[in-house]
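Which chain is which? They are A, B, C, D and E, in the order written, and residues in each are numbered from 1.
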Amino acid sequence: MTYELLQPVFIISSALIAIGLYGVMTKKNMLKIILSIGLIDTGVNVLIVAMGYLPGGTAPIENGNYAVYVDPVPQALVLTAIVIGVSVMALALAVAMGYYRKTGTLELDKEGVMKW
Amino acid sequence: MVSVPPVLLIALPLLFAFFAPLVNMWSRKAVKVYTLLVLILNATLSYLLFANVMQNGVVYEQLSGFYPPIGILLAVGPIGAILALLINTLSTIVYLTYFGEAENSVKFSMLYMLVTASSTGIVITGDLFNMFVFFEITAVGSYGLVASMRTKESFEGAFKYIVLGSIGSAFILLGIATIYGYLKTLNFYDIALRIDTMPPTARLMSFIFLIIGIGVEAEIFPLNGWVPDAYQGASNRVASFFSLGPSKAGIYAIARLIFTLLPILSGWQLALLLGVFTLIIGELAALMQEDPKRMLAYSSIGQMGLILIALSLHSETALIAAIFLMVGHALAKSLLFLGVRDYARGTLRNPLIAAPMFIGILSIIGMPPFPGFWGKWYLMKDLASQGAWLIMLVIILTAIVESVYYARFLHRGTGGEKRKLSRSETAAIIILASLLILVGIFPNYLYDPAVRAAASLLGGGP
Amino acid sequence: MVDLIALGEQILLLAGMVTLGFAIGMFFNGFARKVTARIHNRIGPPIYQGYIDVFKLFAKKTNISHGWIFDLAALFSVAGITLAFLFLPVAGFTLLSTEGDIFLILYLLAIPALGFALGAGASGNPNAAVGIMRALILMLAYELPLVMVVVAMMIHYNTTSLATLVQMQSGMHWAIFVPVFFIGAIIVDMALQGMLMEKPFDIAIAPHEIASGPMVEFGGKHLGALMLYKMMAIVVETTLFVDLFLGGGVVLSVSQYGWIAYVVNFLVWFALITLVFFLALLINAVFPRFRIEQALKFYWKYDALAALLILIWVFAGVSI
Amino acid sequence: MILEAFGVMLLAVIVVLALDRYPRIAAAVAIIASLLPLFALTSWAGIMGISLPSFLAPLEFESSLVYNLGPGTLNLAITPLGWFFLLLLATSFPLALLFASSFVRNRAGGFYAGMLLTMLGSFGVLLARDALTFFLFWEIMSWSILAMVLRGGDRRAIVSYLSFGSLSAMLLLFGFMMLYFKTGTFLFGDMHLDTSLTTLVALSMIVAGLAVKGALMPLHVWAPHVYSRSEEPFVAFLSGGLSKLGYFGMLLFMYGIAGLSLLSSWGTFRDVSYFGYALAVIGAFTAFAGTVLAVMQDDLRKLLAYSSVGQLGYIAIGIGIGTPLALTGALFQALNHTFFKAVLFLAAGAVYYRTGKWKISELGGLGYRMPFTFLAALFAIFALAAIPITSGFAAKWLLYEAAIEKKFLFVTPIMLIAGVGAFLYAYKILYGVFLGEPRYDVKEAPISQLVAMWLLVLPLVIFLIFPGWVADLAAPILSEYGMQPIPHTPYVITTNLAAYNTLAVIFALMGALLVSLILYKWKPQEVVPHEDNYLAGEPPELYEYISMHAASNYYEPFEDVFGPVFRRGAERAWEIILAAAEFLGNGARRLYTGLTQDYSIYILLFFLILVGWWLLW
Amino acid sequence: MRNDDWKKVSRLVSKKSLWMVHFCTGCGAMEMPPVMTSRYDMERFGIAPMATPRQADVLLITGYLSIKTLKRVVQVYEQMRDPKYVIGFGSCTINGGMYWDSYNTIKDLSKYIPVDLYIAGCMPRPEAIMDAFLKLMEMIEKGEAIGWKKYHKYYDQYKRNQRMAFSYRLDEVQDIKEDDAK
C-alpha cells in the first residue's frame, strides 16, 4: 500500500521511541524517566496517526465538498492515547513529588530501593 | 431472567464514581456506605449478566449504534461472565475491610470503583482499542491506589509500576497500530477472521507487541519487575484487590490474545515457555523472602505462571484447570493479603484469623477440598494425556518449594504477640474462606460454566 | 480329646529332663571351678560344690526383696531358662522342639535375661543398671555373628526347626564336617564365649568393677534362683551349640537299637557338652576381662567379617 | 450410609470447633463421632467371613458408593484389605480420643477437629477405588495432620512435615497421572497395566510417595521431628494408625492393581521380584538404622519415634518379599505395631501428664507410683521386643520364616539384629522411666487414660493366644491376590520350614513358672526400704545429694562406637538439597534488582530475543 | 526329717560353702591373696570371695577400724543375711593393737558388732587364717558360731555402743549417759 511513502514517519517514530527507551534505561533521576516516557508516547502516537494516511487525503473535517478524507479512526485513537499519556505523566509527577518529600532525593539508586 | 445490558456494568460505577465528591461534601462517612452500595449493585448486575449468559449464550451489545468496524462491540461470553462476576463480588468483599480503617478519603473510594469498572470492562469488551482504554484506566487507577498509602515504599512501588506500565501500554499501542494499519478494523472477531490476509512478518510483529504490552499487566516473567515492589508498597487492602481484579483481567487478555486474535501454534509454545519460566522464577524467589507481603507477591507471580501454562496447552481440560486456578488464586491470595502482617506481630495466633489463612494456603498449595486442587488435578491430567513429563516434573518441584516457604510462613506467623485485626477485616477474611470452602466442596457450580467457557474460548468465540 | 496317658507320659518325660538339666548344670558349676583351679595350679573345690552352694543359698534364714518387680526377676529367669531347655532337642529326645524353631529359642534365651534385668533394675542400685547395660550391649554384640552363621545354616539345610536339623545330621555327617560350617563353628564358639559370660566377656558381672553387676542386690534364695538359671543356661547354650554343629549327640538311631540307643545318645550328648564347656573354661581361665567397647568391636569387626565370609560362601553355594 | 457418615463427621468437626472452651463436651462429641467408622467396620464384617451378632452392627453400611462431584466422581467400596486396616484405625482412634479427653487442655476444640479430619481422610483412603478419591482423601488426611503438627508449633517439625508431605503427594500425583497416561482411566478396577517402563516408573513413584508416609529410611526425616513435637494422643494415632496407610497403599498398588505377575515380569531373583527385593532391602536397612538410632536417644518421645521408624521397616520387608507367608507376617506386624506403639506413646503421655518431663535421665522410679501405666507399658514393650509368648513374636517369626524360605541371606541377619536391638531400647524405657530409684511421688494417671491404655492392650492379648486368627483375616486378602493362605489353626502356624505353637509355649511357660514359684516360696522374705542398697557401705542418708539413677546417656559405650556413623546420615542429605534450592532461590531473587532501568532493559531484551528468534527462524 | 535334722543339714551346708566379703581396712588385706591362690587355696573348703554383703556369709575385718570406717562396717554387716559370721584379724580388732591410745580408732570390735572368731597376731600369717577358717567351720557345725543371734538379742546395746562411738560432741555423750541411767 502506501508504506513506501510512510518511510520517513517510521524513521521518526522509531527514533523517538529509541531515545525514550534509552532515557528510561540509563537515567536514575525520576523526572528524566518521566520525560523519556513522554517521548515514547509521542513516538507511538506519530506512528498511529500515520497508519490512517491516504495519499492526497485532507483532514477529516466535514465542510461540504466531498474531497478524499484521511481515515479518521486512528486520529480518534490518538486523541485518547494522548489524554491517557497526559494523565499518566501527571500522576507520575505527583508520585515523584511524594517520593521527594519522603526521601529528599529524586535518584532511584541501588541502595535506597526495595530490592530482591 | 431479566436481560441486563452489559454496558451498565461499566457505566454505572463510572457515573457513581464521579458523583462521589458530591456525597463527600454531604458527609465523609457516607462515602464509604455509598461506595459499598454501588459495588453491591454492580455485583448483582454481574450476577444477573452471568445467569443471562449461562441461559442463552453469548450476549452481544452495540455501543453507539455503529456496526463493528466502526462502533465498539461488547461481547460477553461465558468466560467473560465468570470473571466479571468474580471480580465484582470479590472487590465488594475486599472493600468491606475499608470500614475498619479510621481515615476515609473519598479519593480512595473513587479510584476503587474506577478500577473495578475498568477491570470488568476489559473482561467483557469485544474491541481491541476499547480493551486498551480499559487497560489504561485500570493502570492509572492502580498507580493511584498503590500510592494511596503515602509512604516511601508505596511511592517507590507506584513509580516503578508507572514506568513499566507506560512502556507496556506503548507496546500495546504499537500492536494496535500494526493491526489497524493492515486490517483497518479493531474488533476481535473481525480481526480473527481476516488475520490471514496480513503478511506473516506483520502478524508476528503485532503478536510480539501485544504479548509484551499485555504481559506487563499479566505479571509474566521478564516483564513483571514491578510486581514485588508494587505489592509490598501497597496497603494490604490494595494488594488483595490487585490479586483479584487487575491481574485476573491481565491473564484474561493474554488468553484472548492467544486464542482469538492470533491462534498460531508458535504463540502457544511461547506462552508455555513464558509460563514455565514465570512459575520457576516466582516460586524460587519466594523461597528466600523475609517480608511476608513480598513473599506473597512472588507466590502470585508463580501462580500466574501456572495459569499461563494451563492456558498455553490449548485443550479443553487445561482451560477448565486454568479457570479453576484463576478462581482459586483470586479467592485465596486476596484472603492471604488481607490477613498478612509483618512477622514481628503475627496474626496467626488468634484462631479466627489462623483458620481462614490456613485454608487459603491449603488452596494455593493445591490441597483437595479447595479449587486449587481441582485446578492442579485437571492441569496434571491434561499434561499426562499429552505425555509432557518434563513440565509435570517442573510443576511438582515448584509445588514442593511452595510448601516449604508456606510452612515457614505458617510457623513464623504464629510467632510474636497476639494481634487483633479490625472486625470488618476479620469478617471479610471469614467470608472469603467460606467462599473457598463452598467452591471446593461443591465444584460442579463452577465446573459447568467452566466447561462452556473452555469450549467457547477454544472455538475462538467470546 | 487328647489321650491323657500320652500327655501324662510326656509331662513326666519333660519334668524328668528338666530336673536332669538342673542336676547337670550344678555339676557343671563345680566342674568349672575345679578346672579353673587346676589350671591355676591349685586344688579347687570338690566337684559337688555347686550342689552345696545352691542348698546353702536356699538355707539362708532371712531374705530381702525390693518390691514385687524384684521378685519377678527370680521367677522369670528360672522359668524362662526351663522353657528354653524344653524347646531344645536334647540327646535325641525331641522334648517340644517340633513345636518351635531356632528363632523361638534365640528369643527364649532373651526372656530370662530381660526378666533378670527387670529385677536388677527394680533394685535401684546403680551398679545393677550399669551391669545390665553392659550385658545388653554384649548380647547385641555376640548376636550378630551368631545370627549370621545360624541363618547361613538354615538356608543351607533349608529348614529352621532344630529337630529336623538334628535328623539331617544323624549318621555321623555332622555340620562341623562341612568345611564352611567348620569355620562357622569357630565363630559360633566365640559367640558362645559371650553367651556363657565366660572370662574374656564376663564384663556384665565383673566383681571388681561393678560389684558383680546385676546380682549386686540378689542374696539368699534370689541368688539361689539366679545360680540355677546360670547353670541351666550353660547346659542350654552348650546343647544349642551341640545341636547345631555336632548332630545333637544322636549317634545310634532309636528305631534300630531300642532303649540302648537312648542311653548311648545321652552319654554322647553329655560328653559333647562337657567337651564344649571345657573348651570355654580353658579360654576362661587364661583370659583377662575385655572392656565393653573392645568386646563390641571384637564381635562386630572380626567375628562379623568372618561370618560375612560364610554368608558369601553359602550364597555362592546355594544361589541357583 | 457412607455419605451420611462423612457428612456427620464433618458436622462433628464444626460442632467441636465451636465447643473450643469446653474440653469435656468436645471430647464426648468427638468420641461419639469416632464410633461411626467402628460401626462401619462391624457392618462390613461379612466380607471377611466374620458373622457378628446384630447388636454389634447397628448401622447398615452399603458396600460401595459412587458420588459425582462435578469435575470428578468419588467411588468408594469396601475391600478385605481396606477392612483389615480399617480394623486397626477404627479401634485405636476412639481410644486415642478417650485418652485425649483428660490430656488435652488448651484449644481442645482444635485438637478434636483435627483428629476427626484425619480419621475422615484415612476412612476415605481405605475405601477409595479410584486414583482421584485415593489422592483426594490422602491429601485431606495429610493436611489435617499438618493442622495438628502446627498445634505442636515446632519449626523443624512443620517445615519438614509439609515439605515431605507435599513430596509424597506430588510423587503420588505423578504416578497416578502416568498410570492414567498408560491406561486412560483412574478406576483401580479396570487399570490393566502392561510391563512397560512407564508403568514401572509410575509404580515406583507411587510406592516412594507412600513410603514417605510409612517413614522408610531415606524419606523418614520428618517422622522423628513430628512424632516428638506433637501432642501424645495424636502421635499415638499418627504413628500407630496413620503410618499404616502408607503400607496399605503399597499392598493395594503392588499386589491389588499391579499384581504379582506384573511385578515379577520385571525380572525376579529367586522368584522374588526385583521391585519387592529392593523394598525388602530398604525395609531391612530402615529397621536396623531406626533401632540403632532409637537406642541412642535420651528424649523419650524421640526414642519412641525412631523405634516406630524401625518397626515399620519390618512391614516393608514383608510386603517386599511378597509370598503369602510374608504378607501375613507384614499384616500381623502392622496390627501389632498399631496397638503396642499406641500404648507406648499414651504411656509416655501419661508420664508427661504427671511429671511434665520428657528426658529419660530426669525420669525414674515411676513404676511404683504409677503401677497400671507401668504394667500396660511393660506388656507393650514385651510385644515390641517380640518376647516369645507375645503376639509381637508371632509376627516377626512369620517374617523371619518368609525371609529364610526365600533364601534372603543378607536381609535376615539385619532383621534379627534389629530385633535384638529392640531389647536395648525396650529396657532403656523400662529402667529409665519406670524402675530405678523413685524420685517423684506422683499420683497414678487419671482413669480415662488408664482405660484407654488397657483397652489398647486387649487386642495384643487376644492375638497372643490366637495368632491363627490373623491368618484367617489375611486369607480373603491373599485370595484376592490369587495366593493361597498359609496353613494354620487358631493356635499353631505351620510353614514348610517349621511350626510355631503358641499353646505349647504358653503351657510350658506356666509349668516352668509353677516350678520356680514353688522354689521361690520356700523361704519368707521381708521388703527392704528403698535406700538400703549396697553402695560400698555408704550410709543411706547420702541419697539426698546425688541421684542413684544411672539412666543418663545409658548406652554410652554403644554411642561412642557407632555415634558418628548413624547420627546424621539422612538429615544431612536433605539439608544439602534444601541449601541447593535456597541457592537457586537467591539466584532468582537477585533478578529483581528493584531498579526500573534494569526492568526496562529486560523488556527490551525480551523484545529483541522474540523478534530475533521468530524472524530468523 | 525333723526340724533339727534340717538344722544339722543347713549347718553342714553353710559350713562347706562359706562366702566371704572382706573389709580390707588396714594391713590385713595383704594376707588374703596367698590364702586364695595356689599355695594355701581356701577354695578347696568352698570358701569363695564375694563382691557384695548380700551374697556373703562371713565378714572379715582385716585391720584397725577408725570410727568413720566403723560406720561403713556396721552398714555392711547389717546388709548381710543371717546366718552371718565375723572374723576379726589381728590385734587391732582385739584391743586396738598398736593404736591402743589413738583417739579415733575403736579398741574392741566386739563392742560394736558380734565377732565369732579373732585371729591373734599383728597381721596373722596365711596359715593362721586357714586355721581360723577351719576353726570357724567347726564352730558352725557344732552350732557355736551364734554371733548373729547375739546381735538380734542385744541389738539396742550394740546400737548404744555404736552411737557412743559415732558421737564426738560432749553434749551428745551426756544424753547417752542419761539414757543409760533410765
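Basically, contacts are C-beta pairs under 8 Å (C-beta built on N, C-alpha and C of every residue); 3 or more make two chains touch, one makes a residue touch a chain.
Keep in mind that what you see is a predicted model, and the values were worked out from it rather than measured.
A.B. asks: Hey, what chains does chain D share as contacts with chain E?
C.D. replies: Looking at chain E and chain D together, the chains touching each of them are C.
A.B. asks: Can you list every chain in contact with both chain B and chain C?
C.D. replies: D
A.B. asks: Where the centre of all protein Cα atoms falls, which chain's Cα centre is nearest to that point?
C.D. replies: D
A.B. asks: Using each chain's Cα centroid, which is most distant from the centroid of chain A?
C.D. replies: Taking each chain's C-alpha mean as its centre, the farthest from chain A is E.
A.B. asks: Check A-B against A-D and say which one is joined by more contacting C-beta pairs.
C.D. replies: Counting C-beta pairs in contact for A-B and A-D gives the edge to A-B.
A.B. asks: Distance between chain B and chain D based on Cα centroids, please, to the nearest Å.
C.D. replies: 44
A.B. asks: Taking each chain's centre as the mean of its CA atoms, how far is chain C from chain D in angstrom?
C.D. replies: Spacing between the chain centres: roughly 36 Å.
A.B. asks: In whole angstrom, how far does the Cα centroid of chain A sit from the Cα centroid of chain C?
C.D. replies: Each chain's C-alpha centroid was found; their separation is 99 Å.
A.B. asks: Report, in whole Å, the distance between the mean C-alpha point of chain A and the mean C-alpha point of chain E.
C.D. replies: About 116 Å, centre to centre.
A.B. asks: Taking each residue of chain D in turn, which ones touch at least two of the other chains?
C.D. replies: 532, 534, 536, 589, 592, 594, 596, 600
A.B. asks: Scan chain E for residues touching two or more other chains and write them down.
C.D. replies: 52, 54
A.B. asks: At which residue positions does chain B touch at least two other chains?
C.D. replies: 159, 163, 167, 228-229, 288 - these are the residues of chain B that touch more than one other chain.
A.B. asks: Give every touching pair of chains, nothing left out.
C.D. replies: Pairwise, the chains that meet the contact rule are A-B, A-D, B-D, C-D, C-E, D-E.
A.B. asks: For the complex, give me every residue of chain B touching chain D.
C.D. replies: Those residues of chain B that touch chain D are 159-160, 163-164, 167-168, 171, 201, 204-205, 208, 211-212, 216, 222-223, 225-226, 228-229, 266, 270, 280-281, 284-289, 320, 324, 351, 358, 362, 365, 367-369, 373-374, 376-378, 380-381, 383-385, 387, 389, 392-393, 396, 399-404, 406-408, 410-411, 414, 442-448.
A.B. asks: Which residues, counting only chain D, touch chain A once they are in their complex?
C.D. replies: Those residues of chain D that touch chain A are 589-590, 592-597, 600-601, 604.
A.B. asks: Within the complex, which stretch of chain D touches chain E?
C.D. replies: Counting only chain D, the residues touching chain E are 532, 534, 536-539.
A.B. asks: Where on chain D does chain C make contact in their complex?
C.D. replies: 270, 365, 367-368, 385-388, 393, 396-397, 400-401, 404, 407, 409-410, 412-413, 416-417, 419-421, 423-424, 426-427, 430-431, 435-438, 492, 497-501, 504-505, 508-509, 511-513, 515-517, 519-520, 522-528, 530, 532-536, 548-551, 554-555, 557-558, 560-561
A.B. asks: Quick check: in the complex, which residue numbers of chain B touch chain A?
C.D. replies: Going through chain B, the ones touching chain A are 70, 129, 133, 136, 139-140, 143-144, 147, 150-153, 155-159, 162-163, 165-167, 169-170, 173-174, 176-177, 180-181, 184, 186, 228-229, 232-233, 288, 294.
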